[in-house]
Amino acid sequence: MRHFSSHPFDDDKLKEECGVFGVVGVTDAANFVALGMHALQHRGQEAGGIITYAPEGGFSSAHRFGLVRDNFTRASLMETLPGTIGIGHVRYSTAGSKGATAIRDVQPFFGEFAMGGAAIAHNGNITNAEAIRRELIERGSIFQSSSDSECIIHLMARSIQKNIPERMKDALRRVEGAFSIVAMTRTKLIGVRDPLGVRPLMLGRLGDGWVLSSETCALDIIGAEFLREIEPGEMVVIDAKGIESFHPFEPKKPRFCLFEHVYFSRPDSILGGRSVYETRHQIGVELAIEAPVEADLVCPVPDSGTPAAIGYSQQSGIPFAMGIVRNQYMGRTFIEPSEQIRNMGVRLKLNVNRALIAGKRVVLVDDSVVRGTTSMKIKEMILDAGAAEVHFRIASPPTMWPCFYGVDTPEKEKLLASRMTEDEMCAFIGVDSLKFISLGGLYRAAGEAGGRNDASPQYCDACFSGDYPVAPTDMIVKGFALKAAE
Amino acid sequence: MRHFSSHPFDDDKLKEECGVFGVVGVTDAANFVALGMHALQHRGQEAGGIITYAPEGGFSSAHRFGLVRDNFTRASLMETLPGTIGIGHVRYSTAGSKGATAIRDVQPFFGEFAMGGAAIAHNGNITNAEAIRRELIERGSIFQSSSDSECIIHLMARSIQKNIPERMKDALRRVEGAFSIVAMTRTKLIGVRDPLGVRPLMLGRLGDGWVLSSETCALDIIGAEFLREIEPGEMVVIDAKGIESFHPFEPKKPRFCLFEHVYFSRPDSILGGRSVYETRHQIGVELAIEAPVEADLVCPVPDSGTPAAIGYSQQSGIPFAMGIVRNQYMGRTFIEPSEQIRNMGVRLKLNVNRALIAGKRVVLVDDSVVRGTTSMKIKEMILDAGAAEVHFRIASPPTMWPCFYGVDTPEKEKLLASRMTEDEMCAFIGVDSLKFISLGGLYRAAGEAGGRNDASPQYCDACFSGDYPVAPTDMIVKGFALKAAE
Amino acid sequence: MRHFSSHPFDDDKLKEECGVFGVVGVTDAANFVALGMHALQHRGQEAGGIITYAPEGGFSSAHRFGLVRDNFTRASLMETLPGTIGIGHVRYSTAGSKGATAIRDVQPFFGEFAMGGAAIAHNGNITNAEAIRRELIERGSIFQSSSDSECIIHLMARSIQKNIPERMKDALRRVEGAFSIVAMTRTKLIGVRDPLGVRPLMLGRLGDGWVLSSETCALDIIGAEFLREIEPGEMVVIDAKGIESFHPFEPKKPRFCLFEHVYFSRPDSILGGRSVYETRHQIGVELAIEAPVEADLVCPVPDSGTPAAIGYSQQSGIPFAMGIVRNQYMGRTFIEPSEQIRNMGVRLKLNVNRALIAGKRVVLVDDSVVRGTTSMKIKEMILDAGAAEVHFRIASPPTMWPCFYGVDTPEKEKLLASRMTEDEMCAFIGVDSLKFISLGGLYRAAGEAGGRNDASPQYCDACFSGDYPVAPTDMIVKGFALKAAE
Amino acid sequence: MRHFSSHPFDDDKLKEECGVFGVVGVTDAANFVALGMHALQHRGQEAGGIITYAPEGGFSSAHRFGLVRDNFTRASLMETLPGTIGIGHVRYSTAGSKGATAIRDVQPFFGEFAMGGAAIAHNGNITNAEAIRRELIERGSIFQSSSDSECIIHLMARSIQKNIPERMKDALRRVEGAFSIVAMTRTKLIGVRDPLGVRPLMLGRLGDGWVLSSETCALDIIGAEFLREIEPGEMVVIDAKGIESFHPFEPKKPRFCLFEHVYFSRPDSILGGRSVYETRHQIGVELAIEAPVEADLVCPVPDSGTPAAIGYSQQSGIPFAMGIVRNQYMGRTFIEPSEQIRNMGVRLKLNVNRALIAGKRVVLVDDSVVRGTTSMKIKEMILDAGAAEVHFRIASPPTMWPCFYGVDTPEKEKLLASRMTEDEMCAFIGVDSLKFISLGGLYRAAGEAGGRNDASPQYCDACFSGDYPVAPTDMIVKGFALKAAE
């Protein structure tokens, strides 16, 4: 017997690393935070944390490995998190080391300053965190975690400003990278988005209270009204008196993450004023125009390929069908029987609808190709089921570069598209055809009718283009070569 | 704060009560059984059990509350279940009483007879179990559980036959109802289907071994070849020497459960030689013909309405869209924030894609209406999101009668359709239109081109028609009135 | 690394297998039962069970592995055990197989009869249980467990008597062996002691309620008044109307277990009208007379040797001291460091008070020698600490025969005293002297001034004498040779 | 029903707050540390932590609530703690708040400095910790915990010394109070004792490795040789090359804690070259001389009063007996039955041996009187059992002052002896006589033949005398009045 992961495809997806959520001005804030985190669970499934503040008991916190539903639903835990203000965070275990002390890496982080405590959680990545960390340790700071976020707390602790929002500004001016921050003091909820606005951050209203959230779908779950996005480079400070807006950074042209539209965000969220579902459906339409094929069925690779597959079907006129069925009770690991079962890992997650597929020419629509391992397994299942032809259509351009802005990507060499052309990939995976949407097509689907403005791109598309809007300082120190340097 | 169930719709669905699975002639049988049970998890999520036999250690068993993935994946447990033969069972807690002793109600059951032990698990319901139980207690049998299945073991114990298969025949001739049985002795795997064949039971081949399973999707997960269905009224006895077939019952005309096609079985299973997905797709086609409407979008109620919605869309030409998004991280319970959130239970499971729905005339395709509570909540969500019109199309006829053959249904008075006409239901739910497929249309979609043969119906459709193919003896004793008696 | 048991001596003690407790006529009966079981925990540490009855909910039960304090202290569990009548049981896992199904072996057992249910728990052993079991299985009874007690329930189920006490009489007339039974119906608490009265059973009064308990120390913990012992061969039936006494068995001369005085019972209990502590103290006095020695210190082997050591010290004038200290935080298992640590298992439980022992001639008083392994380890520790001489004095005669009346003893060949004389044992263990109390001395210490009446012994002393008052039928079938047969 | 603590006496004892242990130069260091912590469990039962270092994996740590035996015995945890060097700590939860974040307060603490990491654990109390903490926060340090120990790590982080031992010296020169420290770097095990040597710290040898431990009993459990005590004011640094000794503090006359002899340390430990058991035995002898009484029995209050009771018995000639029996299966909480049971809490822990006590004049020997609540309960039990007279003899002088050097004591007003004279206490508790040993008598029993040197006391006896050898700075800020100020 040996164990294997029951999520065979997780290794073959880019993974958003975090989701953030915060509320102020509502009774039982922690319960709202838990619900918001639950709605953002797709942005981080490994661990979560909540910090709240109540005048009687001060700051309270709970950090747990596992899903929100398995931890933050127990009355015995939630009762330890009183207060009308609170923030929460869901995350992937980026270093992969869920070891003895790793719970210390789970956000939000808390620091006690001379004028009172503050808690902070962020989505994104500080690209010069290691340089700052070394400098702070040299000067006597003690780090609790290996997280990049902790350096913000230490920079704040050493600031000579007299209040926490000012200290946060001090600290943020020192850091580089992509960050959507939700923070809190005893009375104030604070939201910050980096000058490029790479990661999303939404503002909502819930009765007399206020909400900050990575995505609008988490406003929906608690019945909050979506007001607007926090602007790139904006810092909002919210308390009982209302909301104040600051712009502490040097202004830059925004570069929102294009991949949020393709895969990270939930299809029922709204990004940049646009339905994610609509964009994905439109990607399918563009794909059908750019890469048509004669076939009998269009099937999504569940679950993220569905809207694009519907778009492809409607544009092409080829009937849409759920040719691959997902097991909704997926868990962690099963013990593999001693006898050989080919592709057992895949079978635990998916099953092909044999009666539907047999003898058919099938267009499979997937969101991306990372290492290519998933695509090969799915192709095999489809051929085993008797498909006559298999055509892959991919709802994103070839992923050729790693992301350093809060996304868990393999090293460049492991990205199939960094080593092969589209035709080579088609041969490698072994399908009848394989086509990616063009970068221009993706921009059009995302609402940029004129496509990509190469002189000044509207989005961060570094994973496709190698055009990094912020230099990944720490990574360059470690030897990463930028495109220009190749 | 108060708790509420996070599965708001579970109360409003008919629920299959069980799935059965067994293998013989394979190394580490328990691991295959666990995988099969995992693939059958949709047939019973409350508890599961496995019994195996190995010459060195005799019979071993494990019964657990919870999902297969959470219990039967731990090496420390699986190692206690050695052997090359084993059977498993997943179930709902029918009596609802998951109390101190209820684990004793979890199948398979085991009994030691003079000639050796046997284990048994079944899907269905013995309709005269209580009468038999009273008689056996009177004669000195001690029951371990409140399960109807246990009376089979006791009848076998008191049989004077010399081997277990013969004792099982003795016992089964005494029971009435619907039952698909998987049983085992030290060397034999036994499968039985009641004379009407109400519940499914499939035979598969895995290398040199054999498999019995409620559905074909559980053959797929372990890579077993689907051979055939066990015939209604057939008993198969499988051991190292091969398979033997018996027909111990008086023959009857089969009446397979029609609702297995509509909802219970997985869409990737094959029933009666026909793809469940295909039947559901065809139900949508029939519905579009029977109950057309002018609209902008066809949306499924996730997840079971999807194939019928696709069929409706393709027949009607109205575009198909995923207007309602399901949260894939659903768990058990969240703590409701103290402030009122209308329909919070629904929001935990589903979210409406507002940008897609706003201003649109929407056709919602659902599999059934039981109490009507779900339909009302979904209607509200859709209207909140700004839909211009809401039209429900239901992929089954009105559910007017309880099922006594292994399905968890509310009492007759709680079934909306038993109290209201279609029009009254439409007004009650408050939608622009509400249409059910006709019983004839459902038969056609299920492959009976001529529709229902009222003189001798091809299926058991008692939940729609009140035409019960086996008298529900115990229920009649308790006062249930048959249709003829109304 | 390897694991080892942290109870190195447990393998080297005779172990009582059970304690029973029951109450009727008190609110929250289960809480009293739990307290009583806690006070009887020394009689069985592996598992425990409680069954109660309440008119609203019927019979409720909970069976758990582990200590009473770890299970029956949780409000969530205790709330599932309502009622004013209840019985409980603590036990060792006699077969040693705490496997997948062994929880079914934990008493009390429950059976539903035509006239209502009954629960039963016993301390002792049915010596013809296997013969009865075979016969019952032949006739169609299904056994749930491998416990000898279950045959009583099945015999009761098959009785044609019209009420449960009469059925119990029927059943008990069929069984042989030693048994102190506590049973219950919906309204009656029943206590029975076998005709020889081998195991104890006490009757107490708690306000308007009644209590049955293996020992008086469990009456003390709940503040109940000790009324009297249930007589050998007596059956009491207690309900709201009071207590009735029956004598359903053929009268025999009682033979209470002598070892209960030596080791099994708690020192603060009263047996046969006599303080257990006083008897043990008197054993020390007798030992000092029978086996004097010149020495500097008398030390008990903790904890059970203490009263006898005090008696030895007072009779001999040699100062008493706690030369061996017991770690009060003992748990189950530690991981042994990879480097060799001699006698680590012992060190986890005990430590020698080096400063006290060094250079001294030490008398060690222990309760018994079973395999002799413990004695060797303790001798080594004492010598390592620098003792000048080590003299063992044992508070019981040589244990030469296994007990078949509810005590977990090794096979005869593993009992050191069955293979060696006292002098050989002294040489084998390697101490300066080793003396056991004589059987006559033990009888005197237990209050029989005239010593043992060999013609008709006052106690069951089979473990010392081989004189079994009830033939161990099942064991003889398996090949056990009685003394006469040797 | 209501819950109550099952340790009714814990509230009425002074409690040592910590035990420390460390090893270097042995394979599987963590296993030795766990064993050492287990032997020191009586010094802290609420939580424990271990940190180790291995070249391949760096520093590893685990901190857990609960007993050592329940946590640090699991192979899955111990395998995460590799290395040949490690330190451990057991503690009481001093603040009493085992809340959401309190695991952060469990030692050892870890800090990463520019030249590498270090871990530290201590027994004692930094009496100016809060002043230092405020200053450090003002300058930008972020504290992880509410523990006084953490300020040492931060002082070290800010030191400009180039290696860790020098940084520790820098830090320790800033702190006041009582502290026995065990610390480690990647290669060095460090031990420090404050200049007064209030808390114990022992040095041992284990093969080629070295051990530091609060008490010698923890050397015994792993078979290590006891070399010597770390001297007051000494710092030892041990690595592969051997042991180096430093004396970084200004020398002071030592003042070892006198209460360690009375209660905190285990009777099998050696303190100041003297057996703790012997000292306690001698306390009993002194008590019998100072406070004789005519009586029939001398009984210890289990377990700590035993050696003094033996001494009292031997000096007075009054027979020694175990008149009170302790339940060895004590757990946390039972649910109290709804009917009144007087002194149930006591009964869970202790039972009086009625047969022994009835009609007797009893001398009860206890170690101390704190609030007096325990003494009253025990008196009641003894009288309930029919004792003719009850005489308390206490093995320590009246406890009148709180300890600020690492012991959990109630506020001064809650100490019975701070409000009453000996006679008043006797009347309050309601016994026939109550006598404490004199302070001089206690010094004599501890080996100071001339008694207490009032000009320059040999021990810290602040809890008896109010003579605090180090000013409790933080407490004075909070309003505590020294004796001189009264």
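To keep things simple, chains are lettered A, B, C and D as they appear, and every chain counts its residues starting from 1.
In this section, contacts are C-beta pairs under 8 Å (C-beta built on N, C-alpha and C of every residue); 3 or more make two chains touch, one makes a residue touch a chain.
Keep in mind that what you see is a predicted model, and the values were worked out from it rather than measured.
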Number of steps on the shortest touching-chain route linking chain B and chain D: 2
Gap in Å, rounded to a whole number, between the CA centres of chain D and chain A: 50
Chain C-chain D separation of Cα centroids, rounded to whole Å: 37
Approximate Å spacing (C-alpha centroids) for the pair chain A, chain C: 62
Two or more partner chains touched - positions in chain D: none
Graph class of chain-chain contacts, one of line, ring, star, complete, other: ring
All chain pairs that touch each other: A-B, A-D, B-C, C-D
Residues of chain D touching chain C in the complex: 1, 3, 6, 26-28, 31-32, 34-35, 38-39, 41-42, 45, 67-70, 72-73, 75, 78, 207, 217, 220-223, 266-268, 270, 274-275, 277-278, 281, 303, 306-307, 310, 314, 319-322, 325, 327-339, 341-342, 344, 347-348, 351-356
Contact footprint of chain C on chain B as seen in their complex: 60-62, 77, 80-81, 99-101, 111-114, 137-144, 153-154, 157-159
